[in-house]
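Across the two complexes that follow, chain A remains constant while its partner is chain B and subsequently chain C.
Here is the complex of A and B:
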């Protein structure tokens, strides 16, 4: 074991350090939060903190928060932020909330890493599993990732989704199915797309049951149905609460409808907005469906292929979502990049790690520059920014492919031990 | 990402799959059969065949490929079908084309004319009526425009207004000589006749009857000419058309039609006072309108509604600074860039009436020249701008701060007569007759326009097979046809105009449906250009994966069959 035992004190120190860093950024650079909130890389129409405040204002004045077509986020966020002291007078409470959510996410990630699920799942044990990072290192890589910090300072509401997804995975690994499903329901309620994680998550829960499955041949069907019922039950409760809160079902079309139909074409780092700006009107609905089907088509294939390692499926899917979802931001990338260190044991099998790192750094620096050229300087056009988002997507998809390759090779070497270390090619 | 194999070995993986016992016997043969040359880096002796793919791996790969195809087939295809099929509502194309060709409706205006001959005997009057009708029929060469005479009952003679369904009433009065005068306020033609001119009950011809017929014909000559011009400029079959239009008449009618505004149920009248200096800054326009224009607007109200606004603009400089305006200057006099004259307010077309206070005059070289229509409209102070409005140059003493009602009398009267001409009212006849003629002309015009719009829509639907036709268009078409039928039946009456108006509005709405215009021209080649760049890259791995899997499956079956044969031989 490389990581060694993690003591409570060390973890607490890590969390304290992350919290202090964030608080320092919040307080020492008072202009920074607002600057980052306005960045398209961080705030999308469905996660922006500015829009949340607009919705909150309308909500506090007894107007439907969805009037005006600015707020596209889940209604239950409103009472949460309403409970906090007013943002304009005591912003520190909002900062503390975001810092706490980040640390909760990191804690879930730490539990996932400590469980060793990435290296040895119920059906597969990697020969390289000993070479891994401890939970504290994984959590630290997440907490001190500049993308995570920027998301926290930018107060994007994606952090709640991230937290819910990580807790769903952590609970599934520790065998608490119900908690896992409720957490997934929360994530889906907040941003809809995590619902696609349900199949691999059910597989993960099934593999990590406390008492091994009974011999009955159809036990897994019963299990899956129970899990699905849990998720949809929790979702139904959340929807009902939202209905009572807003007094109408309008929120469904204003939150999920916007994601489904991409009615807000504000630029972001994803691939959708430019495409649908250019799209013929008569084909718009068809290609919306194609893009959503494309996003969801990976779930089945990956779940079947990597049946032995459901956590890998979830990780790869998070990577795919961070590229192909309708309104991605660097927050989604930070979640994926936070999950990748769990696979420290297959890092030697990655082929393009340098290229990937170079592309991501390149896109990170050039993205804001090109956006500036387009919007502020006026010396570039939309193609500049779109080109750089393509590069960003290329970098992330290279990472997804390479990680999938490495994990599959790891599996394959168990089967063919004599091939370890030899060059292979796909046929 | 389904299967990886070492380099230097051929694509033999799929060849060697079968159950374990079979592969044991097969390995040597397949290894020989592999067509790939040995890799140069390795010794041929170290080259070794990859182990056979396990059955569960094959099955897993089929599942993976199947999961993608399931999504494509179960979700993708229905969505593709649902979102890209072109909705074409059924249109009654035949009927629409019939309307456009004038086969569905023959525009006939039966005009009833009642004759009041209180001083004549019943049978004498009957005979006069019969003779006049004969004379009329002989004169008439246009079947679409019928004048039907009827004798009004003497009891109703006192109340002329009861005869509301008659287009004209002829009052025959005894007098010294044969004269005819149109009553200026009622649709009444007074004809006086000397006592000896009255035909007896038996006479076969009568000069009075011929005279009455000639008077009637000249009264309605203009209306007849306009309607026949309208019909001839549309695609009405020639047999309904009158032949009697001279080229000069056609030209003057065409001029008149281009001058008048397109029909709209509501017109917006804008009265503007533009002054070249600081004075005058106010005017009594409301009172002036009330006094000089309102009566005519009230008369027009069955046909048009009017909304009115007024404005005053000081220091307004005209587009032409000349002291004396020549004929060419008139068209550029309006300073469109600086004068606040909006083209239309609230959807209704605007008629502009401009009073310009300045010292400019119009210098026409031949004010009393040969061109009578031109001279009639263009006085020394005002001119009419076709389909737009009127400008009136008003010269006032320099210190006038307020334009009084009296000063506005002449401009307003000019505006009123120009308004009539802008709305397309015929020139001749008394005002009531002109207005009733206007309503008939307008209904014929609307009817023809709606019909030709229907025809255009039908031809468009026939010509462009790929255009989508929303159900709202089909609705509009059926409404149009319904109202066209009603209008055709009640042509010449008040409802006729109303129905024709609705039909025209519906037809325009159906023709200019927004969702239709978007795909006006979208041939199939464009679809390839839309689908291929986006779906092609996705389709290649999907299709290739399925084809490979099918090939491997067929090979496995063949091998299994050969195995069976060999076993049988042994």
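Here is the complex of A and C:
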């Protein structure tokens, strides 16, 4: 009991520390939020706070928020922000909302870490599982990650998606399927791509059921269908609410349509924009299909190969999304980097940890420098910035690959105990 | 192929490979520095040339002169009367003259405060609307009432007024011409350019009542002397080491040197024999100015806004008169007037070593990158080293049987030890963030407090490493060799990264900081050795060399007014690296042997 109290005090202290740090950054540096909101690394066309304000303004004046083609975010965000006192007079309430969302995300992450799912799932128990970080450490690594802080200060609406995804996973682990599916529906409603997490999440729910599955051969099909129904039911409700709110189905094309067709080509840290800027229009639809197919093709393969550890599938997919989705930002990277510490037990098996860290840090500093050369100094061009986003993507994909390698090696050593500690070589 | 791979893999495990990086680092530094000294040679530098065909410098007849001489004398008489008068009074007079010429006039108040002083004043400017243009583009002619040395711009202001009167008569301008008169050479132009681009803080700097199109170029005239002159000095360094497009310098050079037949000098090299020595000196002066990143004249503030600008300063005793410099400006303006698009053809990154010789970024960047790379190489080497089991320790513990010793003496070389990252990460991060304290202090203290604060801070940063290292040594879990390796590794990694990023923005600053920090690559824990003191005194020397009083005031002014980021580099890149470096020199890594002795 006492131990529990101590940890409770510790986590409360941690959250308070994170909140105070963010509040201090918001209030002591009044220019910082707007500066970060304007950075392409943080705000993308589908998550920008500036565009949200534009949408809010139109919404308040009884104009469709999607008129003018600036706002590309979910309609339900508008009444939420409308409930808060006006941003221009009382910005503090918006700040508090963002801080609270960050802490809620960290709390979900803490629950995921405490469950020990990363080290021992229903079908696989890692021999290394004892070496892990406590939930507080994992939450702290998420909360004090500079990328997370920058996202919070930049008030990108990705934080809501992050929070929903983490809660979906946390609920799935604690056996509350319905909650998990509703959370996933929220995440998908806000940014669409989290829908791709549905298969591994169903697997995770299935593995963590309170009562073990009955022997019936088709029990898992029934389960999966029920889960899918849950998600689509929740999504239908959300869409219906959006429809009532805006009075038309226009929001579908303005939010999800923009992500599907990449109609806004503002630069970001992803790999799509440059490609589609350079492309002839006749090839556009073909390559859009190819890019989306590429993004979604990982889901099936990883779910099958890593069937024993669905949480790993979710983590790796989050990493892949943060590289290959149409409008990625550092917020997506911060979610992935927040999940990575769950795999503390396979860290000794990572081969390129130093290289990855160096690449990510280099890209973090060179990115803004090259963007400055391109946009402000005028002495560079778009290729400079794109080159750095490639490096950034390389760093993240190395991390995804290396983590996948480490997890697979961990599984392999259980299957083949005689190979422990031996070097393997790719042939 | 597999055999090749296998041999490469076995080479990877060769213990000799780990001895290599310090030499490799040294090689990088030496090659980097030697590279720089090779640049002035004919084989490495190039002759300048005009890239932008539209400029056609020196192709037009210039007609300024004749009766304009009398106009100039009249204006000079008028402005001489104003010497010693207040800013507003001067501007009233200038306004009446400019309005008399039929120009639209605007005024702008500004106030800056820095190091407890306030710098305030009023800019005045007049716009000549282009007879053949649509007010989408403009060129600026600047005359500050006082130049950077505080001398009255006695001939410059009347000459600009004369040129305004002269330009007004021509019908060939396709771009608006803005005549800007500022009370001083740094704050005034900065306030005006900021406001022109709506990037000003409107509580301190007033918005402009009158605007024209996008600025295509600017020429500032700093002509304080009243006698005839021999040559013209082109000042081209912008804030933070940014430079104007080389085409602009070339055009001025072409018009002044080629068409008018007057001498041209750069970087205060009043005599230039085009020898290796002079070229090197010019280049190094340019690099130093670029590295400090201070504003060097009224043109400096324009460059960050991507407006190419230079200042012209007549110097030397000769037979050229005011009309000659007027014709140089006329010729340059005619060239700028021809531009169809923004200057972009030629280089933005270059080092000039004579008025007609330069090296471009591709040639000189490798030297800074090599210097930065040496830190990264060493960081990687230290990381690898920190992952290796400590062989010696193990032997001293287990020497029961020779066989066993043989076994443990050759631990599996590719099994890396788990690294303890927490302490090194925290220490390096804390040192990095500590740099914010002096950065804030030195930019916000008042002038009288600057020197005491500096002395206090120097002493503090002399003591800090000793404190840190004794904390490290006496804490319950003593710091191990591995942790010291990691501390150095992280610090060098960050340094290498900052410098290579910086090299793309400000080559000279990155190179200078890199060379000054070069000893950090080779530090290793050696408590109680004389090298300790040497290293420390070297560090101190640089701090004292970096300056006092006036320099501190100027640095604060540059930070507050022009946004120079050199202090950030000094306090958040260079200073933390030194602190960590000295901590690792003072470090007493805790090996098993020490522990036994302690027990």
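Methods note: the second predicted complex is superposed on the first by the 420 of 427 C-alpha atoms of A that agree within 3 Å, B and C clash if a C-alpha of one lies under 4 Å from a C-alpha of the other, contacts with A are read in each partner's own complex, and residues count from 1 in each chain.
Everything that follows uses one rule, which is that a contact is a pair of C-beta atoms (placed from the backbone, for glycine too) under 8 Å apart; a residue touches a chain by one contact, two chains touch by 3 or more.
No experiment lies behind these values; they were computed from the predicted model shown.
Trainee: By the touch definition at the top of the document, which applies to A:370: first (chain B), second (chain C), both, or neither?
Mentor: A:370 contacts chain C only, not chain B.
Trainee: Of the partners chain B and chain C, which touch A:301 in the superposed model: first, second, both, neither?
Mentor: After superposition on chain A, A:301 lies in contact with chain B alone.
Trainee: Looking only at contacts as defined up top, I'd like to know whether chain B or chain C touches more of chain A.
Mentor: Touching more residues of chain A than the other partner does is B.
Trainee: Just chain B (first), just chain C (second), both, or neither: which does A:290 touch?
Mentor: So A:290 only meets chain B here.
Trainee: Between chain B (first) and chain C (second), which does A:311 come into contact with in this model arrangement: first, second, both, or neither?
Mentor: So A:311 meets neither chain B nor chain C here.
Trainee: Quick one: is A:201 in contact with chain B, with chain C, with both, or with neither? Answer first, second, both or neither.
Mentor: After superposition on chain A, A:201 lies in contact with neither partner.
Trainee: Looking at A:423 after the superposition, I want to know if it touches chain B, chain C, both of them or none. Which is it: first, second, both, neither?
Mentor: both
Trainee: In the superposed arrangement, which partner chain does A:356 touch: chain B (first), chain C (second), both, or neither?
Mentor: It touches nothing on chain B or chain C.
Trainee: Enumerate the residues of chain A that count as touching chain B in its complex and touching chain C in the other.
Mentor: Residues 423 of chain A touch both chain B and chain C.
Trainee: Contact residues on chain C for chain A in the complex?
Mentor: 242, 304, 306, 342, 344, 348-349, 376, 379-380, 383, 412, 414-416, 418, 493-494, 497-498, 500-502, 504-505
Trainee: Contact residues on chain A for chain C in the complex?
Mentor: 348, 354, 358, 361-362, 365-366, 369-370, 372-373, 376-379, 421, 423
Trainee: Inside the complex, what are the residues of chain B that reach chain A?
Mentor: 1-7, 11, 13, 51, 60, 63-64, 67-68, 70-72, 75-76, 79-80, 83-84, 468, 518-519, 522, 530, 534-535, 538
Trainee: Which of the residues in chain A come into contact with chain B in the complex?
Mentor: Contact set of chain A toward chain B: 280-283, 285-287, 289-290, 293-294, 296-297, 300-301, 304-305, 307, 404-405, 408-409, 412, 416, 419, 422-427.
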